[in-house]
Every structure is written in structure tokens, then in C-alpha cells.
Amino acid sequence: MDKSPKVRSLEQLFALVKEGKLDVNEAIEQSKNCYIQDLDFAKIDHHRSLRKGYPEVVFCEGKHIEHATQIIIELAKINGRVLGTRATHELYLRVEAALKGFDVVYHELARVIEVGQPKDQIGHITIVTAGSADIPVAEEAYVTARAMGNHTTKVYDVGVAGLHRLMNHIDEIAKSNVVIVVAGMEGALASVLGGLIDKPLIGVPTAIGYGSHLDGFVPLLAMLNSCATLGVVNIGNGFGAAVLASQINHLVSKKS
Amino acid sequence: MDKSPKVRSLEQLFALVKEGKLDVNEAIEQSKNCYIQDLDFAKIDHHRSLRKGYPEVVFCEGKHIEHATQIIIELAKINGRVLGTRATHELYLRVEAALKGFDVVYHELARVIEVGQPKDQIGHITIVTAGSADIPVAEEAYVTARAMGNHTTKVYDVGVAGLHRLMNHIDEIAKSNVVIVVAGMEGALASVLGGLIDKPLIGVPTAIGYGSHLDGFVPLLAMLNSCATLGVVNIGNGFGAAVLASQINHLVSKKS
Amino acid sequence: MDKSPKVRSLEQLFALVKEGKLDVNEAIEQSKNCYIQDLDFAKIDHHRSLRKGYPEVVFCEGKHIEHATQIIIELAKINGRVLGTRATHELYLRVEAALKGFDVVYHELARVIEVGQPKDQIGHITIVTAGSADIPVAEEAYVTARAMGNHTTKVYDVGVAGLHRLMNHIDEIAKSNVVIVVAGMEGALASVLGGLIDKPLIGVPTAIGYGSHLDGFVPLLAMLNSCATLGVVNIGNGFGAAVLASQINHLVSKKS
Amino acid sequence: MDKSPKVRSLEQLFALVKEGKLDVNEAIEQSKNCYIQDLDFAKIDHHRSLRKGYPEVVFCEGKHIEHATQIIIELAKINGRVLGTRATHELYLRVEAALKGFDVVYHELARVIEVGQPKDQIGHITIVTAGSADIPVAEEAYVTARAMGNHTTKVYDVGVAGLHRLMNHIDEIAKSNVVIVVAGMEGALASVLGGLIDKPLIGVPTAIGYGSHLDGFVPLLAMLNSCATLGVVNIGNGFGAAVLASQINHLVSKKS
Amino acid sequence: MDKSPKVRSLEQLFALVKEGKLDVNEAIEQSKNCYIQDLDFAKIDHHRSLRKGYPEVVFCEGKHIEHATQIIIELAKINGRVLGTRATHELYLRVEAALKGFDVVYHELARVIEVGQPKDQIGHITIVTAGSADIPVAEEAYVTARAMGNHTTKVYDVGVAGLHRLMNHIDEIAKSNVVIVVAGMEGALASVLGGLIDKPLIGVPTAIGYGSHLDGFVPLLAMLNSCATLGVVNIGNGFGAAVLASQINHLVSKKS
Amino acid sequence: MDKSPKVRSLEQLFALVKEGKLDVNEAIEQSKNCYIQDLDFAKIDHHRSLRKGYPEVVFCEGKHIEHATQIIIELAKINGRVLGTRATHELYLRVEAALKGFDVVYHELARVIEVGQPKDQIGHITIVTAGSADIPVAEEAYVTARAMGNHTTKVYDVGVAGLHRLMNHIDEIAKSNVVIVVAGMEGALASVLGGLIDKPLIGVPTAIGYGSHLDGFVPLLAMLNSCATLGVVNIGNGFGAAVLASQINHLVSKKS
Amino acid sequence: MDKSPKVRSLEQLFALVKEGKLDVNEAIEQSKNCYIQDLDFAKIDHHRSLRKGYPEVVFCEGKHIEHATQIIIELAKINGRVLGTRATHELYLRVEAALKGFDVVYHELARVIEVGQPKDQIGHITIVTAGSADIPVAEEAYVTARAMGNHTTKVYDVGVAGLHRLMNHIDEIAKSNVVIVVAGMEGALASVLGGLIDKPLIGVPTAIGYGSHLDGFVPLLAMLNSCATLGVVNIGNGFGAAVLASQINHLVSKKS
Amino acid sequence: MDKSPKVRSLEQLFALVKEGKLDVNEAIEQSKNCYIQDLDFAKIDHHRSLRKGYPEVVFCEGKHIEHATQIIIELAKINGRVLGTRATHELYLRVEAALKGFDVVYHELARVIEVGQPKDQIGHITIVTAGSADIPVAEEAYVTARAMGNHTTKVYDVGVAGLHRLMNHIDEIAKSNVVIVVAGMEGALASVLGGLIDKPLIGVPTAIGYGSHLDGFVPLLAMLNSCATLGVVNIGNGFGAAVLASQINHLVSKKS
């Protein structure tokens, strides 16, 4: 009877039972850990990632670095694939050192740690930015969308100050299933795009600007009050935009 | 040669030319009006509704009542189907009097004037509210979604103060292609729903509450800062939520 | 010796002295009234309007109706031409009744009382609006600009939701000396216009919108944070935009 | 006659008088210092802690480090037990060095210096957090509540994104006399908890979040506008929540 | 077999079964209505009030008057006792007309409709106001607390502008189990009271003031930032303060 | 033995005792009412006005009209002189009807009810306004200052748009002991005045303006951030400015 | 003929002329520098300090350190006495090094550089703080008031959490001509003080607090909305409070 | 056939074709790069600067330093003249090292990198500041205006605290075609200037102040609510003010 590592996936448990290495009662007891693993400072929910098939995501900002490290490691052990967003390079080094044998990458501009390989990519999401300072947020969306199995393309720096830059790309943008628009300052690109295409549009305001830009509240409010129709996510929330886009893209692509 | 009514649809123009009732040059001249009709106080864009197949929508609030009346009438004449949102009963009476022979309905709770019959309804959108005071906004979404050809169901008054009310309906909600959640006060229903279902979720904050509710900014900010993933629209913007939901629902339903 | 009406223009005083109807000391005494006339509740400055050649303007909102009436009357008596902005129809009726023999017009949409005829109109100002609900503010600008002697044209309802509506008019707009852009909601028209033309652009945000529009603060902040260059005036301040545009237009037109 | 250390507790004074080491007039004179000790930059109130039986608390943030050190030392000398909240490690080192013979502990996550042993613990308070980034605030509450003689348990990281994590613990939470809920982002956990239990609930919003989280104002306002009933304390005020919970818990526990 | 009124309490169902007037299967079917009664626009939760023993409360503001009327009537039929807060006199008249045979009272200052008699009153809650303009909010708290079975006393108009007014009553206030302090303007009474008594204190800010009072946000923020310890509820939320006070008071009183 | 009217001034009580109409114990009992008279909804403090020699002031806004009426009447009976600020004309009619034999005046622009004659006026306060719309606030200050025994003069409508209007009066303003400056819009008059005179300056921002004026917060913040030195009171608080000015003016004038 | 140092006081110029060391035309030319000395980056106004008799003050924060140094030096050379507020220690070292022969002191807590000796001190100002963290602002007020020739006393750490601490000092506070109250958090001390004394009261809010304290806006707004009467200055503006207090104190003291 | 550097100006292409060094098809292919050069992270628009004749400007803040460097270099190669605003000294060093043979200057106070020589300067713009802490913003405006070919003068430190400083320069200011006023704190200088001159006035609020200055929102709002007429740009946006002023100045100067 194997006793030691208590936290296993259901698959592992069934295999052990089948192989006679674990008795049924013990398996049932351990199965509780499959779903929620109590680390005292965190209650990790393995069920979610198992069910959905894409990697569990850890929002690292604000978490004690040791807590963040341990959560990522536990998730990686069970699920194989994890994303750590808003992650510092220092956290990456800790995770990378601990997860020998895993594929661990740090996307610097996006500030994302990626453990494991992205899924096969289906459908089509386009990520558009108004300026080049919006790129870090766009990259967080890009890395997340790709990791969740979406075919994703980028059109950066096509803000309304020079409309012809946008017009050069409008046809390819219009072919995507979903469009993510990332913009700071006054966020006018979202309104213009919304008037030109007829696909679901997700707006991500960024804290880019100066003076009275209110740390991104100006494009946030502009997008919410847009004459165009779009779903808005939090300032700088490239991750959230990618998850929503992925839900839509998968729904569309799986149906077809 | 017919001379009088200048504003016709392209279909009408082609028909007249074919029938020899209109010469080609005159048809080309009139075709400019097909797209943008200049009423001096408004530039009506007929192209949009023709292309998209669903009714053109007039946001009536803030417009001079005579302007609103005239815009709705012109759109109805060309497109047959129009929605007038944020419309007073008085405006409805004017429109109804002017559009003899048209099907004109006033949805009182939703404050929407509907000219013409809704399209065939496909797919599935669910509209959920936290309380009964959120119903007017939810009804605006409902009337809009239905008019744009979406099969739409309602689950009202299932806020988190009594979680079991929500749990009774969670399975049917989870089956929709898109879910619209309408909530005021602290908007917690959006977060709870987002943790329970895995479909695209659109949040509509409402200005329901008292004291420090900031006219709906509290649920707006709560939804934007939610631990769940959702696309947020403006406070009370049931219309916008319905359009976004319709884009997604049609994309999914057409593909299948 | 004429004694009675103490408030005369300097021109009138010199004429009376020349004609021997007023002695020099009395003229000097009365000349003090030419500049600042103390009505107890208001100190009217006649000098300003005499010097500038265009009508003195009374901001009527917030003033006691009797005070506003009296100030307009006193200004009309000396200068012949007055504008009363933010004026109610009731105030117009009082002024109109009191100023027999004067040309008194009430511009209803603009809420402006105009006493006297506009000056000859030179140069070129264009006033552009995003929607038809922005028209009252645009009309305040239009009446003011015309009264101050500017050739002024209007292009209404060309917001970015339908870019082609704007594109149809962009060439004529670009020919003006100054452009005033009036927009509510997210104010994106200002940014788009600023990217397309190279003339001084004045932005007037309006309190048009709903939900989180913050009574016009959203387009105000959007214009201030625009990627384009424009000078912004207060929310709904059509009057101020017209005065600034008039200063520029006159400077340009007089030089030529 | 003892002359030297002027600041003594009333108990010490009575003992000295009884032992004949202090005459009555001198004791009366010194007794004034028992209550309020004037350090020039601070007026320490010893009466409060003596009367209540639990340690006096010094809010250290913003105080000059020498002032904070001296206040803690003076309180410790008279009362034996002191808490220093929002304390740096540097302050701890100074206090620890000065208070030889005292039990001085630094609770790092909670940023609290504790001098002396906690009282006997009665009743039951539970502290619940939504995420693991809320732990520092929860720990401040935990250390304070325990120091004030309350039996206190912790349930961390049970936010509404995964409702089943909360449900696993809801029965034990419901048995407490008072519940403290610590949550950032949109603070929805407070509303959900309030709908599930019927004990006094104290909400502590935290400044955890990003984008438009307004440094904790979002969960603060969400809690104040909750459909559930709770008493809210300042953002991050774990200490205040613990004091209020302790007042309730002691009232309940003493009565029983 | 009785068929007609479907909505009965569990007690009624059991009685009917016992008396042989209802068969078991029918009783089980009907029992679903005991808990949640679906009125389409509202899902009434009867379980809550049955379990807790005190009246169910309907927040009437924002609800359509017909909806509010019907919800109160349904609750009254099952539970006998209902509170309708933020109720207009017109709503009272409708409810009173519909509920013949019930005890229906309208508390005008408090704007509360009370159906049925208050429970026996135990323990002790004191409600204190700073000024006489705070009385409506205090009365909402008073009517609620009394209806929920709390012995409740009032001390009105003892703000800090005249400290001796407060001092005259401080001893009686200090004897309560819980104290509710209702204050507008700068809310300083909460801080002063918190320094003088050692019982759980609940602060209710009111929207009383002028100029920069921000509709009650000033006393709200002042209470949250108070040097004293108190649990704060929403601006004007007399009802919420009473419920929280009642939870504490019952916990204390039942234990004794 | 006189029994009936319990509320008398200390002077009246001593006189009655001296005349043998009241025994000593009864007088002591009644003397408690001299200071604080408990009307249930209000605790009137007679001591304050007796001690200070100027009229007690009742802030009427927000108070129930019957409460306000009764408070003014009780104060008038004991003190002879009362001010009711923020009073409606309807309240005036009630007070005037009830106080036969008293001198009751309603200052309409100032919205102040004055009972009794102003004190002798000493020293010198000047009240300056930027525009004529600021007059109601200035008049509240004027009536209050005069009633409290200050020689008070007015200089209205001298805002910085026409600096020469201010310059005409600067010498007389500079001679006052205190200057109250009342200004809305951007409040620049306060800064300019502060640079020109060297007397204590009290700023009263008003809610005059439009667009982004934030109900008076703009001049409030401008005055607080002024490069000049002034003490600022709440928006529209003409009364408070007059009390502060009166304290200074009396201090100066009594010393001389 | 003396040629070299162009910037002299009028007194110096007259002396030189009298002594025959400077001819009249040259003196007139140089006299222009007496008043406004143009340093390119600053226009120093010597007239102000000469006229008023107390030291000129330089607000150093935000100024380039070389600019600040040079301005202080130029003022010191002409006037002998200067205050530099919000000054760093580094600036002090530069000034001290440049002004050999001058009395240069750095008040560290107050962050003020003082050049020259304070004037004789007359009258009486008291500075009161709520807590010990408010001391830096209070010290800025203290140094400024003393330098401007006011007898100034301090009462620190007497906030309302322990009212008896304040009561111990209330009689001495009440004897001053003016009282400055410095308070952060909820600023309740200002209201309590205002109810207890009858002297002009100046409130200085401080940015002391945590959580929702809004960098001092909470006590600022609380003071502006106080039920007591006080003149409020900007957050942390100890200097401004002292200047206003000095104006009042000198007016009172000189008259006596 | 020359093949290598693909990015050339149209002028260069025509020259090469003329000289037979480039064939026509290749020239057409390369001409696409003349307008928009795609650097992946940025789409550089060369057309704009070529058409307008003044240097292209790169807003460097927020851009990755390598991106900023590369964009400036590419623009310099084609246009010869570039401005990099909000540039660090480190960026300057990179640019300077890469652009050998170019004239590269770093304006430190203005934080502007200037590549190439300013154009010939025509017309007249005056830049006025209230204080010396406003100079960095003013210098950004100055460097920009000069680079764009405007004759530009400066009048610094003439705020309203000492009106005579402004009056000494008012005549020279009034002679400009456009005036830029740069002011922090309460921004009153803009209002005073607007009352004294009759030329187009552009206001630039700065984030200079302390306490409640809201990072420049106070002067921003003050300018927008000014009784004078001015066009306002974003807080600290010296660059934008200069571009707008340049547009006006060139329009005026070219016409003459």
C-alpha cells in the first residue's frame, strides 16, 4: 500500500486502485485532496483546471512570494500546466528552480510565468493596441489566449491619431471571431473599431497617459460610455480579456 | 418617371429601374440617400441596418422629441423595423400616430418602442437579475435581444442574499450560449455566477441602492474588479448588453 | 443743461458737450458711469464692449431674474447689442417688453437672448457635433459666433459610430480657420477629427450620455487626454468655445 | 521615602504607602501620573488599559520612531502588556532591546509587536479571508483578538470564485459568536457569508486588487452596499475589526 | 382533499396532513412553495423568516409599487409579520386595503410599514442622534429594532457642539448592550461616544449637511477613519444598523 | 407658589425667589431647564446664547417644519433674539404667527428669519462678492454679521474678469478688520484679494457655475490651494463665515 | 561712486545718497530692484517683506534646488530674515554655506530653514494636535508663528479618543487670541474644541490615517462640515494657519 | 540597382529613379514604407511630418526604452528633425550615440530630446508662468514652439500673489498672437490674464501644489471654470499647448 504523497489526481488514484497499490477507502479519502488542497494560506482548487482542460492561473501580485511559489508548484504537479500572471522575475527563478523536468518560461513583457506547453490553437482572436506603450497589457492577453488554445494574432500601434494605420488592417481584424482592443489615453480606438466591425469586441483600458488620465479611469469610462458596443474589463486586465475571448472563441469554434 | 419620395432602399430603386419607372442616373442620384439621409439635425445611416438584418436602434433620451419622432419614422419607412430605447410614452404616442399600418408597440417597463415584428429567434441568451428593482434594465435587454432574433429567457430575483434561489436555476442558466447578469447594490451576483458557470458572462450594473451606492458606480466597479471573468457594459445599459450577447449568440448559432 | 439720464456713452457725452448741452465738469462726472455702472447688485462694465466692438454678454443662469433683466437693459441702452446666455423664455419676455424699439430675439434651442443685429461676418468657423443631442450646446456656440461677426457653418451628427458620415464632410471642415467639436458620451469624435485636420480645434464636451457618464466629465477627460491636440472648454460651454474661436478667426481674418 | 520613579500604577502606590515607603501626599501627587503621563509629544493614558484589563495599543505608523519606542516602553512599564500595530521590524528591535525581562514578540505578517502574554481566551471569533493576499490584514486581526483574550480561529482563501471551498467550512464558521470577513477585489465574500450565517458579521475591506480597485474603496463600498447586514471598518483595519469583535465576544461570553 | 391555496407554511401542511385533509404527496409538492414562492418578478423566501422568528423585511424603494404590494401581501399571509422599509404612504394604503384582519401601521417619520405586532422585547439597544435632522434614520432603526424584539431607547440631539447635552445621558447609554449612533455633518459624535463607552458601537452616517457634505460621504468616511472603534453601515441605513444591533443584543440576552 | 411655566431664564428665577414667588428647591429644580430644554426631538441649549450675548441660531434645513418652528419659539421666549437660517417662507409664516409681540423679519435673499433687533454694531467687516449670483450667500453672511453686532459693509460683483472694478474699492476694503470673500466659478477673487490686502480673509465658495463646477467644489479647492492666505468655510456657508468674522472683529474691537 | 552690488534696500540707497556715495539718478535706477528683482526663473518681491516687517517666506518644495537657494540668499541679503518652508536638509546645507555671518537654523521636524532671529513675540496663539503623528505640521505652524512675532504655545496629543486629556488643558487654550487645531484621521477634535471655546479657530487637516483617509481629505471635509465654526486651510498647511493666526493675533494685540 | 536601405523619403526615391539607380516598380514598392513603417511594436507614420514640415514628435514616457530609441532613429533618418518629449537622460545618451552626424540636444528642464535644427521662427507666442516651480512644463512648451518655427518669449513667475509683477509685463504679453499660461496651485493667473488681454489664451495646469491639490486637478478645474475664456490642455501638457499655439500663430502669420 502506497501511503506517502497524498495529493494525486483522480486519474492517478484510479490507476493506483486498478493496479492494487491503493485500497478503495484510502482512495476515497485522498480524492478529497484532488479537488481542494489546503495549504493553510491557500485552498487550491484542482477540480477547476481538470474539468476545463486549460491551465489553472495564479494571480501572483500581492501574494507573499513563498505562497505564490508553493501554489504554482502544487498546481504544476497535478495539472502539468500553470500560468502565473503579474509575476516578477524573482518568482520565475524560484519556480523554475523547483520544477525540474517541467517546461517553465518567463514572458518578460507580459510578466507571465508559463509552465507546460500551450494547447492546440483553434479559432481566431485578434489583439489590437492603440499605442506601443499598451503592449505589456496586450502581451499578457496574448500569452494567456495562446496558452488556452486560441489562434491569436496581433495588430499593435494603430491608434486613431493616424486612422490610415488602422484602415490598413481592418479587413484582417474583421475576420476574427473576437477582437480585444487595448488602449490608454482617451481610448477612442475602441469606439472607432466598434463602428467598423461587427464581431464581439472586448475593451481593455490601460493606465497609459499623463496629467488627468486618472491611472486608466479615463479610457475605462470612455469605453463604458462608447457609442459602440463592447464588453469592458478592468484597467490593464489583459488576462481577463483573454479568458472572456477564449470562452467565446471556443464556443464558436467547437460548434463549427 | 416617378419623382416624389426620394428616400428609398436600394432594393426599391433596383425594382423601379427594372420596371422602367426610374432611369439609371436618377437611381444613382437617389442611391446616396439609401445610406445616409441628412435631416439637418441628424444624419441617418440606413446602410447599417440593411447590412446587418436587424432593426436600427434610436437612443431617444436627450434628443428633442420632434427629432426623435422624425428619425424613427424615416428609419421605419426604409427598414420596416426600428427600436427606440429610453423612450417616453409621449414619444410612443407620436410615433404610433404617424406610422399607420405599422406594428408599433410600447414596452413600458423597458421603455422601448418597437416598430415591426421581431426576427426569428435562434440560440439561447439568459438574463438574470439580482433583485426585482433591476427588472426595468433587464427588460430593456430582453426586448432588444428578442428583437434581434435571439431566443431569450429570464431568471429574475436570484441575488446572493438567498443563494438557494440561484441554485434552483443554475443548471438551466449554464445551458445558454451567453448570460447577462443585471445587478445593483454591490453586484455580488456577477462574481458568484462567474464562479459557477463557464459561458461568456456580460455584467450590467444598475443604479439600484441607496446611501453610498454612487448611482450604480458601486456594482460597476465591483463587476470590473470581480474575481470572476465578465465583460461589463455601462450602468443600466441593458441595450448594449443585449447587442453584445446577440453578436456572440449569432456567431455561435450560425456556426452550428 | 441736460440733467436726467446719467448713463451715457462717451460718444454721447462728447456730442452733448460739443452741442453745448452739457458742461465739462458734469461730463467728466458722468463719464465715470460710462465704464462701470453700479447697480448695487452688479457693477456693469461698459468699457469692455465699447472697446471690443462686439456685444457684451450676460450669463443669466443663477442670477435673480430681476437682476438679469436690469443688467441686459442697461447694457442694451448704452451698447445697442447684448447677448443673454442660459436665458429662460420668461426672462426673454421681460427683456422684450422693456426694450421697445430694440431688435430682441430668443434662440430657443440655444437658450440665448439676442438684442441687436449681428455684426458683419468674416472668416470661417465650423461647428461639428457627434450626435443630435449635442445640438443645444452647438447652437449656443453658433448664435454667439455669428453675433460676434464670424461666418459660421454647421455639420451635425457625424459621430464615429458611422465614420463615413464624417468623411463625407471632412474636406469642407478642413477649410475653416477654426473648428469647434461638440461631443458627449466618450467624445471620440474630437480625437478622430484632430487626426484628420490641421486647424486649431476647440473641444466642447457635453453632458450627453447615461450611466457612468458623470454629467459630461467623461468626454471632458477624454478630450483632455486625447492623442490629438485641442483646446478644451468647460462642459456645455458653447459660448466660451465661440468666443475663443472668434478671437482666433478675427486675428487670422484681419491679418489677411 | 522613595523619590525616584514617578510613574507607577495605583497598585504600586497603594503598596508603597501600606509599606510606609511613600507618604500620603506624595502618593496623591504621583497618582496623577497613573492616568495621563505627559511625554511632551504624547499624552499617555494609563487609566484605559488598567480599567479594561487588556493591553493598551499603540498605532505606530506615522509616528516618529523615537516617539513610538518611548510610548511603548512607558506603557509596558506600567501595564506589562502592550500591542504596537503597523510596526516596522526596526521598531521591534528598539523596543526589544529596551525592554529586557519582558516577553517581546514581532508578528511579521501582521506587523504587530506584542509585549507580554495574551490573556486567557474565551468565546469564539472566526476570521475568514477571500484570498491569500488578504492574509496580512487577517493576521493583524488574529494577533489582536488573541491578545485581547478571545478564542480565535482562521479560515483563509475561501473566496466566491470557488463556492465549494467556502461551503466546506460554513458549519464551523456559523458556530462562532462573531465572524470577521477580510476581502479585497469586489468583496463579494461578505455578501455571500451574510446570506449564509446569522451571527454578527464584521467586514474588513483590503486594498487587494489592481486596475480600478481604488486602493480598497471598491470592496469597502461593496460591503457598505451589501444586500447582507454587516458592520464595516476601515480598509485594512484588522485591528479595529478585532476590537469590535472582542467587545461583542466578551459581552456574550461573560453573560453566559 | 383541500386543493386550493397552494402557499402554506410547513406548520399548516403538517396540520392538514395530520387531520387527513391533505395527502402526503400533495403536501410534499406544496412544501416547495414554503420556501421559495416564485412571483415571476420576485422569488419570495419564506424559509428565512420562519427560521429566524422575526418578521421578513421588504426594501420597497425602487420596486414597482404593484410588485412591492404583492410581495408584502404574500409574506403577511404566510408569516403574519412583515416590515416594509422605505415605503411611501401610497404603498401603505394599498397594503392596508388588501390585508383586512391584519394589524397594519405606517410609521411616517421612519417610512416603515409594519404588519403584525412586535415580538417581546429583550436586552437593551440605545439609539443616539447628533441632531434633530437625523431623526428619520434613527426612527427607521427604532421601528426595526423594536419589531425584532429588542428593548430600545432613544437619546436624540446630543451632538458635540454642546458636549454637556451628551454628558447628561452618558451613563444610561453605557448600560445598553449595543449603541447605534446616527450622525450627519462631520459625524464627530461617533468618535466622542467611542471614547466614552466600551460597548459595541454601530455608526449610521446620514446625508444631513450642506455644501461639501457629499450626500453623507463625509460622516461615512469620518466614522470609518475614527480614532474610536465602531462598525459602520451604509449612509442612512437605519434598518441595517438595527438588524446588526439585534443580532448582538439577542446573542447577549439569550446567553444570560 | 408659581407652578406653571417651567422654562425660565436664571434671571427670572432669581427675581421670583427674591420676590418670594418661588421657593429655593423649586428654583433649583427649574434651573436645570435654563440650560438644556428637552423637547424630545431636540435638546435646546439656552446657556450658550445667554452667555455669549448674541442670538442663538437654528439651522432649519433638513429639520421637520414643526420641529424647527417649536425650537425657534422656545428660544425666542427665553432669549428674545433668534436667527433661523436656511429657512423657507412657510416656516417664517408659522413662526411669525406664533410669536405675537415679537419683531419677526424674513430676509428673503438670505433665507434668514430674524427674531428681535440686532445688537449695537461695532468694528468693521466687509463682504465682497465676485458676481451677482453669489449674492444670496453674501446676504446670509450680512444678516448674520449685523445681527451679531458687527458694523458690516458690502462690495458686490467685483470679480477678476474686470480687475478695475475691484481696484475702485480696494482701499475701503483694506480698512476693515476682517474681509469675507464670496465667490463661485474658479474663485480667483480670493487669491487676488489676498495678494492686495493684509487683513484676515475668510473665503466662502459658492455653488455658482456650470459644467464641471462640481457644485462649488471647484472654488472650494481653489481657495484651499490659493497662493494667498485665507481661512475657508464650507460651500455656501455665509453664516459660518459671519460667525468667524464676528469672533475676530469683536476680539479686535473690544480690545481697542 | 559705488557701482557694484545693485540690489539694495531703499534704506541703503537713501543712506548712500545722503553720504554722497551714490548719485540721485543711479539711486532711482537701482530703486527698481528694491521691489522686484528679476532672476529670470523668479521675480523676487522685496517690497512685501519690507512693508510688513516680518520675514519673507519661500515655499521650497517643487522648486529646483539651485533656484530655491538663490532666492533665499537674495532675500536674506536685503531683508536679513527669511523662512524657507518644505525645505530639505540638503537645501539647508547650501543656504547655510552661502550665508556666512547670518544666523541660519534648520528646524528638522518642521522642515523649515530660518534665517535671522524671530521678532519680539506679542499676544498669544495656541497650537493643539490630536495625535503625535500630527506634530510635523504643528511644528511648521509653530516655527512660522514665532518667527512672525507671536507668543505661541503648544498642546500636543489631546485627541477625542481620551477627552479628559483635552479637558486638562481647555482653560489655558481658551485664553489665547487664536487657536490652531491640527488633526488627521476624522478630525473630530476641531468640532469638539469649537464647541468648548469661543475664540477664532483655524483648522489644519493632516494626511495622517490609513485605509480610506484619502490623504487628508477626510479630516479636511470633516472640518469644513463641522457643526462648529472654524476657518480651514489646506491639508498640512501649518504655514498658512500660522500666517492667518498671526494676522488676527497682531490685529488684536496692536489694538490693545 | 541599389537594393539595401528600404526606408527612404519620396524625395530620395524620385532622385534615385531619376538618376537611374532604382527602377520604377521597385520605387513604387518602397514608397509604401515612406508613409507607414511597421516596426512590429510601432507603426511609424512618416507622411505626417513630411506634409506638415515640422518635426515629428515621439512621446517617450511609458514606451520601452529600446522601442523609443528605435522610433526616434527611424524618424530622424527619414525626416532629419525629431522631438522626443518626456525623455530621460538615458534615452538621450542612446539616441545621441546612434545618430552620429546628427545634431542631438537634450533640454534637461524640459526633458526633451531635439534632433536637428529648429525651423525659422515667425509670429509671436508668449509663455507665462505663475511660479518658478511651473518652469519645467513651460520649458517643454518653449522648446516645442521654437522647434516648430515660432518666435517665442518667456515671462516667468508672475503669479497673482504679487499683481504688480504681472502688470510690469502685461503690455508685451498683449502683443503676442497667442499666450500660453502655465499655472499650478489654484491657477488664478489664467483668469486674471484673460481679463486683461484679448488674444487667444491657452491654459496649461501643472501638478504644482500640496495638500488637496489633487495632482493638478485643482488648477485644471479652475481654468475650465474660469470667468475668462481660454482653451485648456491636459495637466502638464506643455507640448500640446505649444502645438495648438503654433497652429494659431502660423495661421495668423502666414495670412499676413
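Note that the chains take the letters A, B, C, D, E, F, G and H in the order they are written out, and that residue 1 is the start of every chain.
By definition in this document, a residue touches a chain if its C-beta (ideal position, glycine included) is under 8 Å from a C-beta of that chain, and two chains touch if they have at least 3 such contacts.
What you are looking at is a predicted structure, and each value in this text was computed from that prediction instead of being measured.
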item: Chain located farthest away, centre of chain C as origin (C-alpha); value: D
item: Relative to chain A, chain with the most remote C-alpha centre; value: F
item: Euclidean distance of C-alpha centroids - chain B vs chain F, Å; value: 55
item: Chain G-chain H separation of Cα centroids, rounded to whole Å; value: 39
item: Separation of mean Cα positions, chain G and chain E [Å, integer]; value: 53
item: Contacts with 2+ other chains: residues of chain F; value: 162, 211-213, 217, 220, 224-225, 234-235
item: Which pairs of chains touch, using the document's own definition; value: A-B, A-C, A-D, A-H, B-C, B-D, B-E, C-F, C-H, D-E, D-G, E-F, E-G, F-G, F-H, G-H
item: Residues of chain B touching chain A in the complex; value: 52, 177, 198-202, 220, 224-225, 229-235, 240, 243-244, 247-248, 251-253, 255-256
item: Chain A-facing residues of chain H, complex; value: 35-36, 40-43, 45, 48, 61-64, 67, 71, 86, 205, 207, 216-217, 220, 234-237
item: Chain F-facing residues of chain H, complex; value: 130-131, 159-163, 185-188, 191-192, 194-196, 209, 211-214, 218-219, 221-228
item: Sites on chain D touched by chain A in the complex; value: 109, 132-133, 135, 156-158, 162, 164-165, 168, 184, 208, 210-213
